[in-house]
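Consider the two complexes below, in which chain A is the common component and chain B and chain C are the respective partners.
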Partner chain A sequence: MSDITRNTPGIAEASEAAPTQNGGLLRVLGPAHIWALGVGIVLVGEYMGWNFAVGKGGAYAALIACWFAGILYSCVAMIDSEVTSTVAAAGGQYTQAKHIIGPLMAFNVGLYLVFAYTMLEAANAITVGFLVETVAGMTGHEGLNPQPFIVLAIMFLAWLNYRGVLATLTFNLVITAFAFTAILILFLATSPLFGESPLKHAELMTGLPYGWLGVLAAMHFGLWFYLGIEGTCQAAEEVRSPSRSLPFGTLAGVMTLAIAATLTWYLCVGLMPWEYLGQSGAPLFDAARMSGSTALTVLLGIGTLFATLASANGCINDASRAWFAMGRDHYLPSWFGAVHPVYRTPYRSIIFLVPIALIFALGAPLDQVITFSILSGLLEYTFMPLNVIMFRRKWPLDTIKRGYEHPFHPVPAIVLLCLCGITFFAVFLGYGTQLVAMIAFYIVVSLWFHFRRYRFVQRAAQFTMPWPKPQGY
Partner chain B sequence: MARYTPPPQSKLGQIFDVIVLLALTVGALYIPLWLGMAGSAQLHDTVDAPSWESLQQNATMVEQWAKLGFADAEAAAPLITARFDYSFSFFALIAVIVTVLGYYTMMLKLSEKEYRDVIAEKFGEE
Partner chain C sequence: MQIWDLAEYAAWALSALLGIYIVTDWLKTDSRYSEEELTSSREGQLEAITEQHEL
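The block that comes next holds the complex of A and B.
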């Protein structure tokens, strides 16, 4: 029996007792690490990127988008928790697709994951560079070249990931907690609770500049408030207790982000005109500057830096796991499926994805990189309802033991599918060319996989779960 | 069902496959940028000699713009007048819907074909 199959809820005791797997990834993570991985990747969305939703529809549109995106991600978390706590293996949704829908879907999902995370990593590195450049300008060092800092950030985090997952995610836990606390401190310091407040909502808030169409359009960047929370699944093969840690860590992460997103929106729209906010590179840092407090400016500057580093760190972790899993299954050259003999990390995948992140971090504008990431995420979210519906049909509840069963099925799947449809339309409004280019790419690579690459893949060996034959086959 | 044995792939073949995938990736993301087709459909209304009043900014907004480093209306005008163009043709929308649905349909059908082989080999034909 493979290492993966021993990790199923029904026979979890044996695997949970063993801290390591022979030749596999190290099983050392707990629920707090899962929370840190999910929130760590996403919290940067409060520090940059979400505000483009304000640009697409105005301040109120961004808030509506934030809450609807929250519903979308609650559905994602519910569905994902059920499937991942049952299919607990590296690769997350990729491995789910392989067992539930089929190899081509799995290959596409693997690519969605790699591109969503690698583009997000590139966006984070761009923000690190932008922040360093801004701080240099504020301290009288105009014209500082941000590119060496972009390269340094990506290289340092890749090295950290190379050296080991426990140290990487513990580092994430600390800097994510700091970044989240910084938002809370900024909120408390600027709120009317402690004296005069710099917030001016009554004077700065306007109506909907694009009407209700702008509200729909804002859903595009509304996803950025939460994008990447589903990355918790990538650590499935490295958690001590997948059936407990994954649902707890993921759902706690969504709640944390919903709170942080609403606080962030409230702060920023009370301090900046929407036209500026909609195009700002680092809105929370700008908000701290507008508060007039040097201490808050420094705090949020460090918070922005930590949030971007935590996110990039988690992205390297997740993208490399997905690439590793595809290599292990021969969907990609098997060379990528190697685990480091000492550090037990997918080191070849980690190294290989570094130059790809650099190509985009050094060569593409921030909003384009974010859109590429969002589009890959959106394609993945559209897969999830199809995945859970097929999962329940092929293996009804009484046929295999699940670590977690999400309630109200199929309502979350239907809601998620509807919200994905709305978000596709939102991306079409303003970024239609990228949408078509991205879909064209996935069509071409799908044909390449089906007609060329798949011949190198063993058939039955892909199915590693100790499940009965699916119903209907 | 007879067990399928994949052909061994040479190192050169593996490298070639990675290069193809990389070329497709970089192409998909960079070709729209190089062709100038990527990016937001934002328009800028040109305003001659803009003032805070003509840009419909109240006193508080002007104060906040100043804190952000925009000393006069002319400096802030490009940001304030930037607007997305959400006009679209019905044909373009239908084309995008067909593309997205066509992609998922193709993928599900081909996946199902592959999946049946996997299940047949794993559990045996009934």
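The block that comes next holds the complex of A and C.
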């Protein structure tokens, strides 16, 4: 250990490390919790949002977008699994960037993470309010105020996160499993395997109404099928066995989502014409209603609510870990790097992000909030190919122990970079102004970090991983 | 529907209770423990003890 730290520029000596082992986050999670964190954040995208891809280019365009996004996220999952199983620390991609690329990239990636997850949390809370309002409308009560339910969703999940990570992600495991099972039940109940099927693919399927440009435009919303699976990395410091749990949970998660996405597409396009499906607010719930079964309608209604809560819950967990890690390294005020001595959670980061989520949930339009989340996520995916290529160069396979080695390097990195480029163009077609505004925002905060904030960072203390010296140094 | 009106009030009340709980516990914790103790977490603590990241 001492040789490693002495040989590595920037790695702290033992005297600079933590005074006690007890001051950190609690290592209590297993692979199932990692699966629940990743799939929990994403599964709401199957219940709503992905179907706008159908509106952009028709049913087949949505399927092509689903598969291309599946390839993009498989690359993300493989790359993340390798790097995070080695850089097993809170902050996920932020910590990877700090060790592998440098402080400015790390600061930006940290902000991408916090904004992507906090905005997604706000969007989920808005959706909870919408769902309660819909249920009230179905029971004959018009004019329900959704705000108390939006606030309650955020406060309840923040409280859960504040109290401990094991309860938080066990809760996510239960509600995510329920929501995923609901999709499987809907598929089995409507399939021809058990009698007459309401699916009408032969009548409803059309070609590409807007041609290949529609396919390109559909890529923007194709991300919804998988957006957030990379959030599994944020639990790296709280799993019992990072080298085993992180790759297993992340890769099992992306496989689960590929199955859920394909089943969702198959069900919905077989029950609804593409013109309607492309504008639906809750397509799986609508599909259940069109099946004619009350039990399925109730099941998918609860599934929609659970998927939304699971996503918001995972987002609070991930955003707070990224904020906490940045505080711990003094990239932000070190006050945020505190851990609750009893619950062992980054409690100040959790509290700090609550009012921000509330402001966006109560005051911003849903599509803007979601777009900000998607764009931040996309910037994060674009950094990953560069990250893994530098990781393999600085620490080749025979120099450092990895929990998982992703195959065919650098093919996944190149494929990911190309698909990110295509998706940026697709997003630019629909939300060019937001894209430019957001990039301008990140440039301004980068300048602030470089000229004003980095002087407070203790350069040696931020590298406490017991790694060997990188090649070339 | 009176039940929905009640649900709105209940949601506000429950949100306020949860908020009060969090803020109270936060203030208690900050006053009971030193700042050094609260911010003693370091990245890679467990790895430093159990894993050497060497082949």
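Simple rule for what comes next: the second predicted complex is superposed on the first by the 451 of 473 C-alpha atoms of A that agree within 3 Å, B and C clash if a C-alpha of one lies under 4 Å from a C-alpha of the other, contacts with A are read in each partner's own complex, and residues count from 1 in each chain.
We adopt the following convention: contacts are C-beta pairs under 8 Å (C-beta built on N, C-alpha and C of every residue); 3 or more make two chains touch, one makes a residue touch a chain.
Keep in mind the model is a prediction, meaning the values are calculated, not measured.
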First, second, both or neither for A:347, with chain B first and chain C second: second
Contacts of A:399 with chain B and chain C, given as first, second, both or neither: second
Between chain B and chain C, more extensive residue contact with chain A: B
Touching partner for A:148 - first (chain B), second (chain C), both, neither: second
Which of chain B and chain C A:328 touches, first, second, both or neither: second
Partner chain in contact with A:339 - chain B first, chain C second, else both or neither: second
First (chain B), second (chain C), both or neither touched by A:433: first
Partner chain in contact with A:276 - chain B first, chain C second, else both or neither: first
Touched partner set for A:95, first chain B, second chain C, both or neither: second
Doubly contacted residues of chain A, that is, touched by chain B and again by chain C: 334-335, 462
Residues on chain A engaged by chain B in the complex (per definition of touch): 55-56, 101-106, 108, 115, 200, 203-204, 209-210, 213-214, 217, 271-273, 275-276, 279, 286, 289-290, 330, 332-335, 356, 359-360, 363-365, 367-368, 372, 382, 386, 424-425, 428-446, 448, 450, 452-460, 462-463, 469-470, 473
Complex contact set, residues of chain B against chain A: 3-7, 9, 14-15, 17-18, 20-22, 24-33, 37-42, 57-61, 64-65, 67-68, 70, 76, 79-80, 82-86, 88, 92-93, 95-96, 99-100, 102-104, 106-108, 110-123
Footprint of chain C on chain A - complex, ascending: 1, 4, 12, 14, 17-21, 23-25, 27, 86, 88-91, 95, 136, 139-141, 144-145, 148-149, 151-152, 155-156, 158-159, 162, 237, 325, 328-329, 334-335, 337-342, 347-348, 351, 354, 398-401, 462, 464-468
For the chain C and chain A complex, residues of the former touching the latter: 1, 4, 8-9, 11-12, 14-15, 18-19, 21-23, 25-26, 29, 33, 35-49, 51-55
